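I've put the structures underneath this note.
There are two complexes below, and they share subunit A, which is joined by subunit B in the first and by subunit C in the second.
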Partner chain A sequence: MALTSKEYYAEIEKVYKKPEDYELAGKGNGYVRVDAEAKVTGRALYTDDIDLPGMYYCKLVRSPYAHARILSIDCSEALALPGVKAVLTGKDFPEGHNLGNPEAFKELADKEPLCREKVRMVGDEVAAVCAISEELAEEASSLVKVEYEVLPAVIDPFEAMAQDAPAVHYPDTNNISMYTTMVAGEPDKAFAEADYTDKYYYKTQQMVHAAIEPHGATAKYENGEFTIWTTTQGAYVSRFWIAWGLGVPESAVRVIKPSLGGGFGGKLDAFAHELCPAKFAQITGHPVKCILKRDEVFLGTRTRHPIAFEIETAFTKEGKLLAKRCKHVLDGGAYGGSGIAANALSLICATFPYKVDNIDMTARRPYTNKPASGAMRGYSACQVHFAHDVHIDEVADALGIDPLELRRKNGITPYYTGPTGLQYTTCAFDETLAECANAVKWAARDELGEGEGIGLAGSGFMSGTGFPVLITPHYASSSTMVRLNREGYATVFTGANDIGQGSDTVMTMVVAEELGLRMDEVKCVQSDTTLTPWDAGSFGSRVTFLGGNAARRAVGDAKLKLLSHWADEWGCRPEDISMKDHRVFAGGDAEKNISFSEACFGYEEKNFGRCVSGVGSFAHEGDKDIYVKNRGNYAPAYSFSASAAKVKVDLETGEIDVQDFIFGHDCGRPLNIRAVEGQIEGSVLLGLGFTCFEECLYGEDGRHRNPTFRDYRFPTALDMPSIKSITCGQPDPEGPMGAKEAGEGSTAPVGPAIGIAINRATGLKFHSLPITSEKIWRALKEHEATGRVHFGDEGLAEKFAAVPQMRNVRHESTD
Partner chain B sequence: MKRVIRFNLNGEDIEAYAPENMTILDFLRKEMHLTGTKRGCEEGECGACTIMLDGKPIAACLMLAVEADGHSVVTIEGIMRGGRLHPVQQEFIDKWALQCGFCTPGMILSAIALLEHNPQPSEYEIRDAIAGNLCRCTGYAKIVEAIASAAEVLRKGA
Partner chain C sequence: MSLPKFEYIKAQTIGEAAALAAETGDKGMVMAGGTDIIPLLKDRVKLPGYIIDLKGVPGLRQLEYTEESGLKVGALTTLREIETSAVVKSKLPAVAAAAHYVASTQVRCRGTMVGNICNASPSADTACILLVMNAAVQTAQAGGAGRVIPLSGFFKGVKQTTLEPGELVTEINIPALKSGEGSAYFKFAVRKAMDLAIIGAAVWVKMDGGRIADCRIAVGGANTTPFRAAAAEKQLIGREYGESLLAEAAATASKECRAISDVRASAEYRVDMVRVFTKRAFKEALGNLKA
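And now, the complex of A and B:
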């Protein structure tokens, strides 16, 4: 009988290094990032740095209207310009081959590579031109004449759901692209029996990823094969959609991810700027590059879903959370893509970090004529934890319970199973709260001065999401290959996509650790669909967890082969042999050892010259149905975090000074403390930007009013508080060397902590983001005049009351 | 129209033809193939294109190539000494002061420009000096730490 995966891996795990022998994992400054030198010298090659002989340039023609029918496109003037080589419009791509994100929901793919009949947002791509220089391509793009019939646009997500709203995509659907429900326990009964119930409204804004590197791609076509270097967070997923959009088999497309200048979820989807240069390369025989300008990144890529919340909770008077009802309305913008996961994620996130057994929750994602919303770091979690955790603070006040105590009383504990089947493993949520409270001097908060406030908040996140981005044997896997070289080094071929977070370093470290090699004795080959094995991409805080586990299994597989050979030679068991300092030691006999190279050489000699190699794969074991039913376990483990912010608000001007920021994170064993701190510090920047700075603004006509870094401000070095990171918890048995995620979950508690601190400092209750100095100033003035306390939830009760009951929904997921 | 320009680039006197309307950013990247200087916004807001002009950090996207005539320009490719990393580069590596690295060349040049005229900057002065260099990944903490420690290394070395 075939081995089960457990039995198979049990064999491999025997030769894994024991935690007490780790020399690299968890050892802080013991090594540096593998890409650091290339990056400090300017040698690292990003997509825009790839220059090929004879390169042409592509520029996209974008819609100036939020919603319009395309009547005609005339490219003749553009084509007549000397140096212009070709043009493309929607009909150059196979009809019906729309771009989306999860292959499993391919019927929901709704984005044409170039629009054929209709544009749905300002910036929608209608044509593309190819010329011998960037400047010429730009000029030619302005010569493409598109005739439009302007249609009424829907900008507000609630208005989009109205009966008479113009249809962004499909008529008679209330513009709802996705409707999701999650119900468990007996919420009605719990509400009826509760001592305390409430109903509050919150709202978050549209934010963008703003990776400093703009999106772009460079493509060539040779021997019937497209090669595309692109700013992607998932080379394999990009390849799938590029091939689909071009109407060619995946085997005809090679996607390579060069160094990536930040992703944050904004580089997961497939875009016209990838397909058009590919098509042009095929037509012209020249390599073609297309790099977006900053305003195009704002308009034509992805944003974070604005979410409006109605939250009702039921508590006992002692402060036990009994039940939660909520409605989430997510502004989906013009398209689905990676955005279709947002609903389910928003509901799942609302079930932690506090235990709640009885729930009744819905999420609606209407289309609007705005840039498409998609995945963004802390996907749905940042918005949900802002609303739901600020809410917890209001409950604490209402019940007269210390907010810290209320959180600790309800916080998730290790190995708890959630009401819809989330299975938690290790969980140090309570410790993160306690540590943050301690560091921020929670107990002494009564001694704060005027205008000062402390906010404490908690959150959780899935560690190693298994969302079915492409259909695979397991629905989202990471694969790795490792080769041991007799010249004294190893090569790891990882599908993991380093987007800046440092996954190449993690994979290198895992292999070096297991083989007793130095970091520079492991070469990392990464994210190239021709060279590296399958990986679903960098999202869902899955890379360290799934990719790290896959790398460990791959090196374990190789190690087991090597050590089994030497165990035979030496008459011992493979698990008695250890690898350290570039040498292989027979168990118990320090004298008996050979070099790594000799060990490989000896193996090859006995194995007809075949090198030592290993393959490994990791997938979250689960049932694909959970993405439709929202029932079951979403990830192999969960991280937990708490944050404490101390702010001082100038009560005259509204100016906000975040003086101190404490972050407690339970990421299992931090594989590298500098890297984990870096993730936390970056998270605080995103969280502070989300809470106090950033917002995309639109006119009535759907025109983006601030698509530049001048008008869309996010924190500079001068705006950032000092940050104290505290890692909590225990190594997780599921994680690679005990690690859990540290990239996305760490973004979620920042917003509520700062928001609550501002609420405490001002005595006001802000219910919407961003909370800017100007808003505080206005609110303080109004409070003085009218005594009003709650701000930012205006009109939401009425809007939620008018939300349509669901019918004719194109895609519904429910339990 | 192209014009002949003569300037010092990374320690070498060069003479080149530059289109009159081309930014020095595009000139460095496209004509000189020095791609370490990054294009982040091309509107003077992100600092990814920071170079040193006569020792001062400037946004290369806001300056025309022809304006470099008669000046000295230093890019990220021109700061190693005798094949060795500049202490600021070394500290960025050692302190994990980068993630995606896209802001890094500009950050390093702003830091070097600061340290050349202020060898002992306060934390505020460091933050102020890099306030024009946006970083979306790191939260700046480790960058500030790396620059402070490079200042120390440079002072000890001097």
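And now, the complex of A and C:
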């Protein structure tokens, strides 16, 4: 039996601070963000703030067509413009070095840095120009003449799977980029024996991350090394793909992640706007910057997968969920990248937060000629929990059971193991439901006025996924180094990527807490491939869990060395020594203590000047089967959430007023309560936008109709309801200081809560998002005329009936 | 995003500004707050050779109210000054409300009401209330005395006004509300700020006891220009006020629309919302009658 990491780090964990001694972790106003001053004074440096002497500018040339063959590219006119320094086309990058996301699935990488023969979406990059000013680069980009042969485009994911559909990438694959199945138990038998069975259809739309900071990069090339400052959620993964795309070893590429103005999953992939300035820097010898405009972010980066659902469930008449069958069709857009995880995630999410032992589920991700879908905060969970939890409410009505009771009856309980091997640890799902119901006055919901409704919904999410970004399954997901300085401070070198969520603050806090230092006595060095150790990136609700544990193991390693030295001196055990208020105390003797600096100096004196340092790593242990066969445990812990929304619908206009919103979240011990509340409030904003506001609209030719913040409307602060956040649950034994995730799972119950509240308020059943005022107005009118109740599932039964049986699939993940 | 190259001229007098506007013709654009013009330049929708900035011209920032002549709003008076003015809020609350509906606080701190109507967007938030208040603009002309143009004769089409080349709006005059009169404006949009109206509806009404002595209804966002719903007004004037009469008139107003469908809303929805908000604005105006 191989050694587990828990056993490996057991000695170190002995010197960890005891929870009853925490002074920072879990304390409400114990500390502020380490970057607060830099950000509120505008001094924090973002990628676009990186200005280097002699800098040039890069502009990408994008396809105006959704699907076309490139016949020729003529750059002569652009090159003739004074001030234009160079141009690039697809042939300037090594052939076959396509960009993808997880290194472990490199064979699925499908995006050329610049398109060679074919464009697959409006906005696909075909060339790049480099000039001495942004204006000139822009002008030159319009002078690049590209001759296209326009091909028929596929915009609808179901049409994309049709036998005669044009191939976006690979012929004879029904355009399916990924096919995933998940089966457990005896679903057919359960359906045959059930008192109640049903079949419903749902659909969600394409939305975007809309991070306020657009994507961009600045690159330089000096001494044979590329340095790239870029808007990334994972400096190391970006480094891998940039090096691969350029055809150079990783040792020749340094990636630095400056301050980031939001990621939300949209900055995980590698892009032309990173590779092209790097290549130009090498060609010209000058630093080169490329910052995307907003419409380029809409067209050329990533979106949230629209998903269509067929859901069948089997229940006893008492309301026990016996079995679930479902089919998910995910619109993948033109490329894979971080999007290839979406299928499996969608199926995993469908197995919680309710216990279900018998399942038969499939997911198909067809390519279409639209912007590529990828990871987005609450990855797959927001769509899945909308459909599956609105569905639970329909079941409750059909069975005549209180929807709250139906949820509580089936909800996952602590240390339950799911049918495919998900191992839950702490779980306060029931408490989140009860707290939300209580705060929203669930019991008095019959007393609501006309047009008012209350919706209650639940969800779960993985905390600390180990999605295999590396080829080997035996990798370190997050690594950290800590150095103790005898001048009275410590330095933490964390690979974790702060993307605005505040991970630098958490890593600093973990080290300060363990060493008994103040926050400003811990210096944080972060996400720079030359300075900081390996980290897989900010995704999968993993940063606090994995990075926090790595930081704790690193500081624990240093602490153990320091305390072992003083234990020898003092004749006690290391675990009897405590660190507090910048001092080191011998166990049981309050008089016997020395300062932090003295302690470090004493160690160095004894060890020939060697400084006290520690290294630590944390990964979710498991093998590749989790990702290939969908069997096993996906994450070291799971968070659970419930939401309650009270809405009032104007029955004349369809306007939705979310009057009150309650959020119950089980994130173990909230390490930074204000950060957790901030995550919850941001989640409600995102969920409200998803449910009632946001949608990318396309013409039949694949042209984006609203790629601006004027026409793509996300809610503003004024559209937000009042929010009550309730943290529930107990510290998790595996989490760093007991924490579980709070940033992504918290987005997932918002959609169904608001959707259900609207359904209750109107007496209608909306099955697709977004539920806009106009859609409600239209549905109310139609209901009055025809009595129709269900809206938004039109045509889906026929479309699902025509979904092709799988054959010749390029990548199948199945058990 | 960078601005295209242009010549920037900061005019010192209104006469200079008008002369420059006449001289530069199609190549020039007159700017007050710049909140409509700058985005057009950044997006390269407009590429003027010259920007003639009014901000250096003295005496254009007035916001004066008298019972006799009503409210004078200068060409440089910002929307923020209007919406926060105690006198506007108490004497012409619907005008303050309409100013508040425009964009965001930041934009309103620079943007002007004169600019809002000169931009002549079909969904301009201040246009409807100015129409029903029978407001008029005072212009200055190069080599001329300037004109008074009633709002009803100001809008010609999408982004088009009846101003002549070299003619600038120097102020807007909004008559005061008299006893028995009230007005209201509602903007209907997807979100509560930073948004363009799906439709807007404004009402001015003069009551004589329970009888509607006179009224004006204006609708924005539905047709190419904000327009007066004349048939609906005719239905109401001289009649005793009642819910069913108002419902009929509101339906008439909605029939006067020639709305289009776009990414914000369908034509049918706009038409029905004109009905709803005409009704609501009328009731709001009735609730605000001046004593």
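Basically, the second predicted complex is superposed on the first by the 804 of 815 C-alpha atoms of A that agree within 3 Å, B and C clash if a C-alpha of one lies under 4 Å from a C-alpha of the other, contacts with A are read in each partner's own complex, and residues count from 1 in each chain.
Criterion: a residue touches a chain if its C-beta (ideal position, glycine included) is under 8 Å from a C-beta of that chain, and two chains touch if they have at least 3 such contacts.
Bear in mind that the values here come from a model prediction, so they are computed numbers and not experimental data.
By the touch criterion stated above, A:Glu213 is placed in contact with subunit B alone, subunit C being left untouched. With both structures placed on the common chain, the touch criterion links A:Thr716 to subunit B and to subunit C.
Judged by the touch definition given at the top, the superposed model places A:Lys293 against both subunit B and subunit C. In the superposition on chain A, no contact is made by A:Glu744 with either subunit B or subunit C.
When the two complexes are overlaid on their common chain A, residue A:Glu310 makes contact with neither subunit B nor subunit C. Looking at the shared chain after the overlay, A:Ile499 reaches subunit B, while subunit C stays out of its contact range. Measured by the number of subunit A residues touched, the leading partner among subunit B and subunit C is B.
Of the two partner chains placed by the overlay, only subunit B lies in contact with A:Leu45; subunit C stays clear of it.
Looking at the shared chain after the overlay, A:Glu774 reaches subunit C, while subunit B stays out of its contact range. By the touch criterion defined above, A:Arg33 reaches subunit B but does not reach subunit C.
Taken together, the two structures place residues 134, 293, 710, 716, 718 of subunit A in contact with subunit B in one case and with subunit C in the other.
Residues 26, 29-30, 33-43, 45-46, 48, 75-77, 80, 85, 89-90, 92-96, 98-105, 108, 126-128, 130-144 of subunit B are the ones touching subunit A in the complex. Of all residues in subunit A, those touching subunit B in their complex are 29, 32-33, 35-46, 48-49, 51, 134, 209-214, 259-264, 291, 293-294, 499-502, 674-675, 677-678, 680-686, 708-710, 714, 716-718, 720, 722-723. Residues of subunit A that touch subunit C in their complex: 134-135, 138, 293, 652-653, 693, 697, 705-706, 710-711, 713, 715-716, 718-719, 772-774, 777-778. Note for the complex: subunit C touches subunit A at residues 1-2, 4-5, 188, 190-196, 263-266, 269, 272-273, 276.
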